[in-house]
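One chain, chain A, links the two complexes that follow: it is found with chain B in the first and with chain C in the second.
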Partner chain A sequence: MVATRRELGNGVFAFFLILPSFLIIILVIVYPLVNAIVTSFFRYLVTDAQGMVFVGFRNYARMFASQQFWNALAHTVVYVGGTVVGELAIAFALALLVNVRFRARDFINSLFFVPWIIPSVVVALITKFLFFDHFHGVVNVVLKQLGIIREFVPWLKDSNLAMPTVLLATIWKMFPFMFVIIYAGLQAIPEEQVEAGKIDGANAFRRFLHITLPNLREIIVLATTLEFIWQFQYMTVIWATTQGGPIDTTTTLPVLIYRTAFLGGMDMGYGSTIGVFWLVFLLAFSVLYVRVAGRGEE
Partner chain B sequence: MARKFSTALVFFVLFAALFVPTTFAADKVKLQFCSWMVAEQSGGEVWLPERIKEWEKSHPNVSVEVIPLGWEDTPSKITLQVQAGNAPDIFTIESLWLGKFAAMPRAVEDLKGYMDADFVKSLVPAYKGGELGGKMAGLVWSPNPWVLVYNKSLAAKAGVSGQPRDFNDFVAQGRAIHKLGADIFGMGLQLGVDEYSADTFHIISWPNGGDILDNNLKAAVSSPGMVKTVQLVKDLVDEKVIPFGEEVRNLRTLFASGKVGFFFEGPWIAGVLDGEGMSRDAWGVSAWPGDVQPASHILMLSQQSKNKALAWDLMKYIVTDETTAKEYFKRTGLLPMVKSQYKDPQYDTPYVKTFLAQMATLKNPNVWRSPRKLEIETAFCQDLQKILLGQGRVADTLKALEPKIADILKQ
Partner chain C sequence: MKTRNPAHTVRTLRRTVRMLLVVLALVIPLLPIFWMLVTSFKPQPEIFRLPPTVLPLAPTLKNYAAIVGGTLATSINFLRYFRNSFVVALGTVITTLMFSTPAAYAFSRVPFRGKRSFIYVVLVSQMLPVVLILIPLYRAAISLRLVSTYLGLIIPYLMFTLPFSIWMLKGYFDTIPRELDEAAKVDGCTRMQAMLRVIMPNVKPGLTATAIVTFIMAWDEYIISLTIMDKNSMRTLPVGMIQTFVGEFTIKWGEMMAASVMATVPVVLLFVFLSRYLIGGLVAGAVKG
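So, the complex of A and B:
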């Protein structure tokens, strides 16, 4: 069917309206993405007079042969997994707690939101202050006073403790998002289902298993998927507390990419390589996760 | 239809107008001066902008934008600006970055064409700290050797002089100070994973014949001298004479709180400790009985500057103006570059004499000549931390580090 002049006019008008956004998306997303993929095939140190030298897959070979890279990947999985699971557990518990009517409920809910509005760098500074291992680290002072520890613990400088410490800080910072989503989901559960469960003699645990969880499934999948994607990219708390140390035990992929591409010799080629791997990994993970986690609905 | 088209056109033109440069031909020439000395509690953050305003008065057609840039951010941010073609006209670096910026394409102007013989003669010999590979890459602004800074009260209580005769005496005095209390450290060493920590490590490795790279820029970390030094540092960390893993800013706080007996710093420490609330009577400086690397503040003239002559005039003013330098010393502790200014009685102090004497022992670490300085020093510091955390034996770990450094040098 031949488009009428009016339909063509509408189409051109619509095109002009979306053109600015389209240009911005190309400039801010598509161009950098393509640039990074192309750069990953070059040796390119920003401070080097040689400029960009094509090396094919050499950067990828270097990456896969690098123990530092595999360690960073493992740390990323631990960090992301730990953060999401920790956030989910805390957010769920708190959401269930405040899901009953009581006087100061709205005030309590708003208090739970405080960590979310504190900037990440401030959270990192608070963490450093709390977990400082010398005379004024609050956590150490309190634990020592309670007799739980005899000597101050180097929370951020011990290779076994640094990751749990930054995990804790990140969970504290990020759980409010999960809390808000789960709380909204709990509020939306139909009362009739809950009442029906009670009439049928289901106790609280069985109602949670068979009514609450199924109703929240889609929300949990959405919230955790978003959190996975965000946490894969999140490095502020780590960078501002430990800078990936001690001995790279808190170096995740974002930290490794930042150090490689933006510090020292500024190896953009190798940094882009790790970035491309990270993108592919994250895409594959997200698709797989949504497929597996969402399977139960069918 | 026409109305829709014209609406869309107007909308598009408005959007496109966002990208039209809005700078019009200005009456004033704009210069940019960038330094951490105006970004931090250094003592210079108020004085320098005031003095630059004075310079502007004698150049009414020039306006200077003073850009604060933190010390830690300086190498990466300036590098990116150089690559992007919008570097500030004048930026400040420290000696350890001289190699990086002197070798960087399109970064800095060779100042040999700007510095005439009379100007050079008026400066203290430390001006050579701006020279590299035959190029005068920068104008030294504050000549800064590292020295020992010590807490007078802790030294007195421990019955030590605070002025070690040699390396072994330094270690002994540190141990004596630590005996004053479990929470008192005899000495502070920068043991973070950063180039500053690696650079200052040279001060204690050189007396033992240790180095990170040798004169031929080959890895030398497993030399007997380096093994001896690292083993000693491990012992001192295990004894809690040295706090583990502290970087420079925490060490300053610990020192100002009376928890550290000795640590290594430069003349800027006066302004820094003022900011930490520590009285200048509570601490002193002593010469290190050995070589030290320079940590001079150097002004660089960007090759990309569109007003090089004016920028050079401002650089000369900042470095040589007597009123500026005199008050700058009072507030920051940083020494002047002009020989004649030292006649002023305010420089006739043990503080100044210590730094002047230490200038005779300045030595650049070999690793400064490598373009992969940061990566090499990071690898060294990471393995050093592994050793200090008991996760690797000294000799074995340092031996295993050498091929890693060789790999980095090859990249």
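So, the complex of A and C:
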């Protein structure tokens, strides 16, 4: 009897603590989400007088038939995949590098963290400046001086180079998050395991493969999942440097939706359709990824 | 004098090489920032010099003066964008923590049904396309006359700051030993008192870390602000900067970099004073969650 009363009390207490957040989440997530899903079945251009007209799956048919949409999906996969892989590589290299005791290590680590706090728009402006196609773009000047390029390269205006350039800028901004997490993971590996590996005569590479990686597995799965999810959203660097160009080569899904729903004819129906597809795609991908990569955990 | 054995020498050598590599690797995070800084102090002709100067030959504050003094080609003083960004970021931090703290406490401390599904709700909420959610929110903002108001921007920001903040804070609450709750109960505290007087003071570093991350998120946000803040006088810094500097036919690198430095200083200051909390908090959130 006492236990039940207590349980009930807990329920009520928790209810009142969570209620305000719950209401906010209804207001800014659940309601707009439902609304957007509904809108995806309507023809709805803000700029025309027709208002909302129900069209069933016509927006979806239009999307699946659209080359621009498939291109944007492909660009998103390249952009997100490239960012996560690039981040992981740099973060791992740096974390292993500083994973010994030395003076001022905390200070050095916090310097590695700095790009993460630099505002995205600043990252975009610095990128524009560094990779500018005339002689005041310092990347061109240095590369030409070193004899790597003969002519100044229009990095952000070339359809083959724009994507790698925005990728580079994004990796630079985002790697510190991965770095601190992998570093924390490395620090948490029990000393005895490493020592045991040394005594068994395992070289550094084998120790990395058989001791470091298995210990970090869970953390890496979590960090990469989060980054996948976040990078899917991330469009500031792209929007502020290339606006999706040249000729759509850096148009990812968020850029496409933004342009469709908020520029030109403001086609909010079709824009919502692409967004709904993205959500389903990302959900399916995340579940699959966590299942496959997270296998072996409880 | 001690005789040095070769193994020791090899170890010292390896250590030196490693430290050299560490210093060299610092170029990755710092070089672009360095270039932004020095350029912001160069007069226009020097920026166009070939070969470029590394340190400014004739350092000047003209670029900063142009931004602060409003002599740029904008009708609005740049400091106005600054103020807008501050109000919005601070407002977002306060609103977010007000809602997330009690919720995070409940998820960490109070046993109730349906608790475990929480982590999935948070993960899914992070997956929601912001641009998709923005479509109905923008329409709602128009009908509620919230376009170009601070509140009209702070409310949409809660869609990503609130779930993230609950998640991060829950990780922090989880690190506080249960014995504290028990002790409070023995001392005759009610649940409310235990939460406010015993647990909350212990979670201050976590609150600080969460506040910083929330501030950085709001300070950084661009696309929602671009949509909601229609009036030039209400624009936040990121939007104001892009409108001012991108698409102009003369390229004002000096002013652009000076504005970039100014937009970066507040978050760097936060970081310098509070990096201990921030990095620890991020890791705790990610690992505990």
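Everything below uses one rule, namely that the second predicted complex is superposed on the first by the 279 of 298 C-alpha atoms of A that agree within 3 Å, B and C clash if a C-alpha of one lies under 4 Å from a C-alpha of the other, contacts with A are read in each partner's own complex, and residues count from 1 in each chain.
Here, a contact is a pair of C-beta atoms (placed from the backbone, for glycine too) under 8 Å apart; a residue touches a chain by one contact, two chains touch by 3 or more.
All values reported here derive from a predicted model rather than from experimental measurement.
In the superposition on chain A, contact of A:Phe131 is made with neither chain B nor chain C.
When the two complexes are overlaid on their common chain A, residue A:Phe42 makes contact with neither chain B nor chain C.
Contact with neither chain B nor chain C is seen for A:Phe92 once the two complexes are overlaid on the shared chain.
By the touch criterion defined above, A:Phe262 lies against chain B and chain C together after alignment on the C-alpha atoms of chain A.
Taking chain B and chain C in turn and counting the residues of chain A each one touches, the greater count comes from C. Of the two partner chains, chain B and chain C are each touched by A:Leu17. Look at A:Ser159: by the touch rule set out above, it reaches chain B but stays clear of chain C. Of the two partner chains, neither chain B nor chain C is touched by A:Phe69.
Once chain A of one complex is fitted onto chain A of the other, the partner contacts of A:Pro115 are limited to chain C, with no touch recorded for chain B.
Across the two superposed structures, the residue set of chain A contacted by chain B and also by chain C is 10, 13, 17, 20, 135, 262. Looking at the complex, you find that chain A touches chain B at residues 5-6, 9-10, 12-13, 16-17, 19-20, 45-49, 134-135, 154, 157-159, 243-248, 259, 262-267.
Contacts from chain C toward chain A in the complex involve residues 15, 18-19, 21-22, 25-26, 28-30, 32-33, 35-36, 39, 47-48, 50-52, 98-100, 102-103, 105-107, 110-113, 123-140, 155-156, 158-159, 162-163, 166, 191, 216, 219-220, 222-223, 227, 237-238, 241-242, 245-246, 251, 253, 256-257, 259-260, 263-264, 267-268, 270-271, 275, 279, 282-283, 286-287, 289. On chain A, the positions that touch chain C within their shared complex are 7, 10-11, 13-15, 17-18, 20-22, 24-25, 27-29, 31-33, 35-36, 39, 90, 93-94, 97-98, 100, 102, 108-115, 117-122, 124-126, 128-130, 132, 135-136, 138, 141, 145, 172, 176-177, 180-181, 184-185, 219, 222-223, 225-226, 229-230, 232-233, 235-236, 239-240, 253-254, 257-258, 261-262, 268, 271-272, 275-276, 278-279, 282-283, 286.
Chain B makes touch with chain A in their complex at residues 1, 4-5, 7-9, 11-12, 15, 75-76, 79-80, 83, 100, 103-105, 183, 192-194, 243-245, 254, 257, 259, 371-375, 378, 382, 385-386, 389, 391, 411.
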